[in-house]
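Reviewing the structure listed below.
A, B, C, D, E and F are the chain letters, set down in written order, and residue numbers restart from 1 in every chain.
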Amino acid sequence: MSITVYRKAHFNAAHRLCKEGWDDAKNLTVFGKCSNPNYHGHNYELEVGVTGDVDRETGFLIDLKILKKIIKEEVEDSFDHKNLNLEVPEFKTLNPTVENIAMVIWNKLNDRLSDKYMVTVKLFETPRNFVVFTG
Amino acid sequence: MSITVYRKAHFNAAHRLCKEGWDDAKNLTVFGKCSNPNYHGHNYELEVGVTGDVDRETGFLIDLKILKKIIKEEVEDSFDHKNLNLEVPEFKTLNPTVENIAMVIWNKLNDRLSDKYMVTVKLFETPRNFVVFTG
Amino acid sequence: MSITVYRKAHFNAAHRLCKEGWDDAKNLTVFGKCSNPNYHGHNYELEVGVTGDVDRETGFLIDLKILKKIIKEEVEDSFDHKNLNLEVPEFKTLNPTVENIAMVIWNKLNDRLSDKYMVTVKLFETPRNFVVFTG
Amino acid sequence: MSITVYRKAHFNAAHRLCKEGWDDAKNLTVFGKCSNPNYHGHNYELEVGVTGDVDRETGFLIDLKILKKIIKEEVEDSFDHKNLNLEVPEFKTLNPTVENIAMVIWNKLNDRLSDKYMVTVKLFETPRNFVVFTG
Amino acid sequence: MSITVYRKAHFNAAHRLCKEGWDDAKNLTVFGKCSNPNYHGHNYELEVGVTGDVDRETGFLIDLKILKKIIKEEVEDSFDHKNLNLEVPEFKTLNPTVENIAMVIWNKLNDRLSDKYMVTVKLFETPRNFVVFTG
Amino acid sequence: MSITVYRKAHFNAAHRLCKEGWDDAKNLTVFGKCSNPNYHGHNYELEVGVTGDVDRETGFLIDLKILKKIIKEEVEDSFDHKNLNLEVPEFKTLNPTVENIAMVIWNKLNDRLSDKYMVTVKLFETPRNFVVFTG
């Protein structure tokens, strides 16, 4: 038996794909127009899933008000209207691909949530490209 | 190998979150504005998944016309345009959180479907909050 | 030349359709299951449009932070997680059809916005039923 | 630990449901209006998921430009604006149910992708009916 | 002052673009892959708007149950799971472009609705291509 | 009588809101976090409407293949994966608010289309904020 509760959130950010130590020509070869040194950006849409047991008394797996607050503190406050490469410490040396962003978000949320929960992160970079990371 | 067929449905209902035996003040503390004694409501959007084998002759895992009919009889006829707390027997003593509603729907559908199928219920309480229950 | 800026918002509420002075049987005849005396509910999705001139200096027609705040104060704070019939004064004697709710919202927003703007309200009662009111 | 990257695509096609060797009356009994001998059609929306490891150097699980190209070559070029029954070899003798189309797509994509990846296909026949095939 | 009520519906159909009297080569030149003689198809999504006055007594501009019934009779029953070119009389000699389909639907609905209403038809051929016809 | 054909497109870009000649403090006061000097970004979703007469012979108001090509050349090729402030000439001295971007796009498209057409631009900066410009 498995039940998962999901909460959506979103943030808008600039980024570029590039590897530390590669020059622009090498980055262009590997990452194409996503490596534009002047940055481009996205409306990231996030779905956070929390799997666990439903509390018999409340009927809640997790209080969504609390989950919403944690997402705001860990993701929206840090990422929204930011330049991911320049302003988010995790991406100082880590390429902000949608895969890496999803894993960073997962780690931040998992650290804040009780061990009794399993966390899933679905992150849309565009309405057409997205990842799911389940830890 | 795994294949799952999904069918969407929807129902509109009123509810409030409250625990039998708690007074309004206690319900307000735990459930916030969702405990409004005068009720609020939602457009619940439902996705029912049925996992099984594809019939070699028809190419169907399940005839969606039959699945649609079962969803109508078990969910839409019972829940649509209803007050979940007052009019749906399952929630007379069970708090109609989205978790509990999803599990009630799963039980009703699972009872109607052959044992050869596994059933999954995804239930959106709002476009931003939803659960998945896999039995 | 015409330019309109739109902002989305949402609220969840219970309601029933009924006319003051009609009994339940008459309401049932006219409004069908929407007249359920125990209420049902919806996730109302709202799109507010403001038409006007773009300020040459800022490039803004209206500061969306201000529009968002007005929508919150006039609509979300009054309607969200409420029973429209019982708790929203405008619907004490006015049937809360989606038409009437849209017009009430339009009036509340129009009163808060400068005369230099024209206001439009699009209100979804469900993803399949909605109205547009342009004042 | 599991991470999956998804890419959406779409194609428009005509089809009818029918079993080789059955006459129209038998097909009508089993497949209803979907067996119309003159065909009907759909906008098929496809989500391809690829599960694997994230390359430490690039931060990519798979280069989405390459995945997009493979989907175009294997699915869009073969299926888009086609009559599935008459023009797509796989459905000459296989009933083009959404289950079978998803499995055909999965096989075509899986053949093109390295064994280090697991492939998932989600195929919407309509916004209300869809399947997920995981191989 | 203007208020419009909208109702969504949908139908799935096969069609091809071709002009009566043109051969396949000429049709291919003008209509490209949409002229495939074996047909392709779409999930057409329809939004019907009715503009008029709100009845003071009921709060309805139009009873959506009646509008839904008219749409079913005039559009869904005639077009759903059909080959538009072969089975819908209006397109025997009229090319079923999304423009023409929208105008045919408008005429059928407008004939059924009172003169006191103005009718608008929005028709999606795909999620990316659509038309609005206002009569 | 009025008929409009719509085509969707999209581009991803970085931008910041700022007025030429204002310092960062002044920009922060007026534009808030949208003035971040390091940029943020969006997935802009664009709907272009073209109003005109339907050609009796083809049933087309405009050939969508041509409209798609013009949108690609005028909007996608210039804006996609770009920094609007730094790399798009129109925004060297014009603040790239969603209002101004919509008007720039409208001008570029209107210049490419015959005078017999009226052009409308709907531009989503986020799924929640958008503008419509009708020239």
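Simple rule for what comes next: a residue touches a chain if its C-beta (ideal position, glycine included) is under 8 Å from a C-beta of that chain, and two chains touch if they have at least 3 such contacts.
These numbers were taken from a predicted model, which means no experiment stands behind them.
> Among the other chains, which touch chain B and chain E together?
C, D
> Please identify each chain that touches chain C as well as chain F.
Expected: E.
> Of the pairs given as C-F, D-E or B-C, which one copies E-F, with over half of its contacts the same by residue number?
The same interface as E-F is formed by C-F.
> From the C-alpha centres, identify the chain that is farthest from chain E.
A
> Could you state the distance in Å from the CA-based centre of chain A to that of chain D?
29
> In angstrom, rounded to a whole number, how far apart do the mean CA points of chain B and chain F lie?
It comes to 41 Å between the two C-alpha centres.
> Which residues of chain A are in contact with two or more other chains?
Residues 127 of chain A each touch two or more of the other chains.
> Can you name every chain pair that touches?
After working through each pair, the chains in contact turn out to be A-B, A-D, A-F, B-C, B-D, C-E, C-F, D-E, E-F.
> Write out the stretch or stretches of chain D touching chain E in their complex.
Per the stated touch rule, the residues are 10, 12-15, 33-34, 36, 38-43, 45, 80-83, 86-87, 126-127.
> State the interface residues of chain E toward chain C in the complex, per the touch definition above.
Residue positions touching the partner: 1-8, 49, 54, 57-61, 64-65.
> Along chain E, where are the residues that touch chain F in the complex?
Residue positions touching the partner: 17, 19, 30-32, 94-100, 102-103, 127-135.
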